Amino acid sequence: MTKYILKRILIAIPVLIGITVIDYAIMCLAGSPLEMLQGPRISEAAVEAKAIALGLDQPFYVQYFVWLGQLLQGNLGYSIKNYQPVGEMIASHLGPTLLLMGVSLVVSILLAVPAGIYSAIHQYSKGDYTVVTLSFLGSSIPGFFLAMLLIYLFTVKLGWLPSGGMTTLGTNGGFLDVAVHMVMPVIVLAVSMAGTNIRYIRSAVLEILQQDYLRTARAKGIGRFLVINKHALRNALIPIVTVIGMEIPVLFGGSIIVEEVFSWPGLGLMTMTAITNRDYPVIMGVCLLSAVVVLVGNLITDILYAVADPTIQLQ
Amino acid sequence: MELMRVENLKKYYDIRGGIVTHTIGQVRAVDGVDFSIQEGEILGLVGESGCGKSTLGQLLAGLLVPTEGTVYYQGKELSLHPKKRAADGKLALKDVRTEIQMVFQDSYSSLNPRKHVYEILAQPMLYHKLATKDTIEKELKRLLELVGLPSAALSKYPHEFSGGQRQRIGIAKALSLKPKLIVCDEPVSALDVSIQAQILNLILELQKELGLTCLFIAHGLGAVRYVSDRVAVMYLGKIVELGAARELFFHPAHPYTKALTQAVPIPNPTKRPAEEMILQGEAASAVHPPKGCRFHTRCPYARPSCGKEEPGLLPLPHNKDHFVACPYAKQLSQE
Amino acid sequence: MTKKKDITNETYMQTVLRRFRAHRLAKISLVVFVVLCAAALLAPVIAPYDPDEIVGAFSAPPSREFLLGTDQIGRDVFSRLLYATRVSLLVGVLATLISTVIGVVLGLIAGYFGGVADMILMRFTDMVMSFPYILLVLVAAAIFRPGLWSIILILGFVDWPGVARLVRGNVLSLRETNFVKGNLVAGMPLRHILFSEILPNTVAPILVYATSVMALSMLDEAALSFLGMGVQPPTASLGNMLNGAQSITVLTKQPWLWLPPGILIVVLVISINFIGDALRDALDPSGGK
């Protein structure tokens, strides 16, 4: 097992290095961040001085290695826009995003797992069709459109929920205040994830239900409830683990749009601002962070997979 | 006349693994095999599953590149590496490509499910210019007639045929390139017993009619005895006995062959031998083959010396065409 | 039980069609999709007004004159919607085509040749897949000048890893089949093996996968255009028509400006997804139904 984990980590390292290279190459293609500064009020000499100060006059591979060297010392560089250390910026925005993602993940699993299992057990019933159709709807509705529908309904028409932000302005926001602000962003993120996952879990459970060992269990006269709970669900754990693994990149991507629409003060909002400002060090930092999280997520999924399914060959 | 001869042919598969992936072992699927196939004969090749007989077949058909060893085809050395050009006096695989064809075990997967029979058969023939657009129709009909199928079969898809019919198409495909040697890799083991006989008869007829040479691979002696002129018995990557089919079946010299012959069911219970020799256990691993004679771990006649020295494949003193890899074969055959 | 069709002698295509028809939602979806495509294609004929021309009052509610009202600068929403559907479908189809071609080529190479080529390609796929998808698209959209063609190219060049993996997996298993070996023994050239033996047997899964890629790229186009980084006005796309709804007046007081394009995206994407789902069932060779 340790050997397997070590091996997986070793495979991940070149991928990680590759990610930083691709990432940096894309950034270099993007053109200079100084373009944003240019304007009638700034002289050319000032722009040049700034370029030298930022190290932008050096060839890109030098800049890359400088950046990588700093990275290894735990330094992600400084924002070109507001000179804050990128690491600190990420750290200060990470909390709200993790909160949003975590809650959405839990909600989507609480939605998808029972619905998927119900649908599989009652295959071809009316309930199954309803669940599957709804799941298609969930994965076909753009997050921002759902967000607008929710705002229209809950904020404009009913006035129940605040349309954006994390806390009510002027207050420092208690638990309840944050929870109320979270309802709509969580619904949007959870619905789009659950949409895909319901069908995934449904087909995985269907496959398990068709296995011979379940037929044997049923033939032994074990009741339907016991068959499903004792024999099927244990094996359905594996697809559920996979689903959680697949969620991670989706969550990262989804949270950018959701945070933008609901002005949720998290990483997504910060990223959007950085993208529009061409604030490369910040974009690099976020890309790196998310790629690492995705890689680690995949790694954990693979390991959990191996734990949940003893027949998976570790080689 | 000798059509093909192989010398010290070996095929090892690497087992890869470890934290930093590297070769951690080798499966010795075929481990030093020498034999020859005479023109116009059917050479049977039998052995348990995993003994390397299919690997050997694929080596001869040019599907695998041998790890070591030499293959002579019509007296010339043949390079089995698909990309290498032939050196002086050597044949490249490309030069004899159409002359060695193969019939596969699973007739379903040996035909492309998305093509009808016409395409399956015509494409290689047209590519190798064995027929032209004008003559192909006639050629295909002749080919189907040869394997006993109606010409209406041309417009059908593989899934529309029964297992036996599909195997006939598989044989037709192999024949279509006018080969000299056909490697039949367990061509009947996936078929119903009643169909098996039909296909075996077809192979026999075709072999006589067209003067084909055949390597007939099977896991039991039953079918092999029926079609083969000579038989080679393989155990763990090595040939342990080679001789005329009749001779080998009635006077097996190697203890392993003996066990195999007794595994063929005999319908009449009174004719069954009093003392049945039933093999115990599984064949040893091809990753770590036993030292000395590979069979000694399961051989009821094993002596201490068997685990030390590896016996060579040598002719029996009273029959120079019967080869056995067991130093005690003579004594055993008289018991 | 009134009549039982003889299904033993039908061709593959007949089987596929029969199974597809059994999927009721997909049948409806197909009709809806075809109608929407036709409407989009015939936009110049159907549209009552020029989509980019100011023809009426600002933000007029739906009336007999303007079926879906007018937008903030007085353009006809219905006409814009027809042209927007055109643009969104164009993005979906072309992005899917590009990513499928890239994915198929790379997947064939990785799967068939294996070894170093496979390792490098698959590691590269891992890298691309590790970036959160939207982040990658957003960064790319920020770098290149936003617009219709850059969005098509960006989505096309980002979506291929899934196809590549799918094709590679299929090729790996097909490479070991006897019919491929048989053609190798028959001395058929590489191009025949790859394009005539292997590729036709992976078309079904690629097709199914392509439908989901198309659905996803249409969603992504909408999201990007909504954020102002996709198709740029005055060209209408379903996403950038929703962009205006970020303003609170539009959202609260002028639902005719943002509900129709939003609903249209949902309808288009869901029908593509249903069609894909039915195709998956219909093309599945193991499905007994």
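We just call them A, B and C in the order they show up, numbering each chain from 1.
Here is the rule we go by: a contact is a pair of C-beta atoms (placed from the backbone, for glycine too) under 8 Å apart; a residue touches a chain by one contact, two chains touch by 3 or more.
Bear in mind that the values here come from a model prediction, so they are computed numbers and not experimental data.
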Per-chain C-alpha centres versus the global one: which chain is nearest? C
Identity of the chain that, by mean CA position, is farthest from subunit A: B
Chain-chain pair with the highest tally of contacting C-beta pairs: A-C
Using CA atom averages as chain centres, what separation in Å is found between subunit A and subunit B? 55
Using mean CA coordinates as chain centres, what's the gap between subunit B and subunit C in Å? 50
Could you tell me the distance, in whole angstrom, between the mean C-alpha positions of subunit A and subunit C? 23
Mind pulling up the subunit C residues that touch subunit A in the complex? 25, 123-124, 126-135, 138-140, 142-143, 215, 219, 222-223, 226-227, 239, 242, 245-246, 251-252, 255, 258, 262, 265-266, 269-270, 273-274, 277
Could you list, by residue number, the parts of subunit B that touch subunit C in their complex? 58, 61-63, 94, 97-98, 100-102, 104-106, 109-115, 120, 123-124, 127-128, 157, 160, 170, 173-174, 177
Under the definition above, what is the set of subunit C residues touching subunit B in their complex? 9, 11-12, 177-179, 181-189, 192, 196-197, 200-201, 285
Can you check the complex and tell me which residues of subunit A touch subunit C? 14-15, 18-19, 22-23, 26, 29-31, 133, 136-137, 139-145, 148-149, 151-152, 156, 249-250, 252-254, 256-257, 260-261, 271-272, 275-276, 278, 283, 286-287, 290-291, 294-295, 298
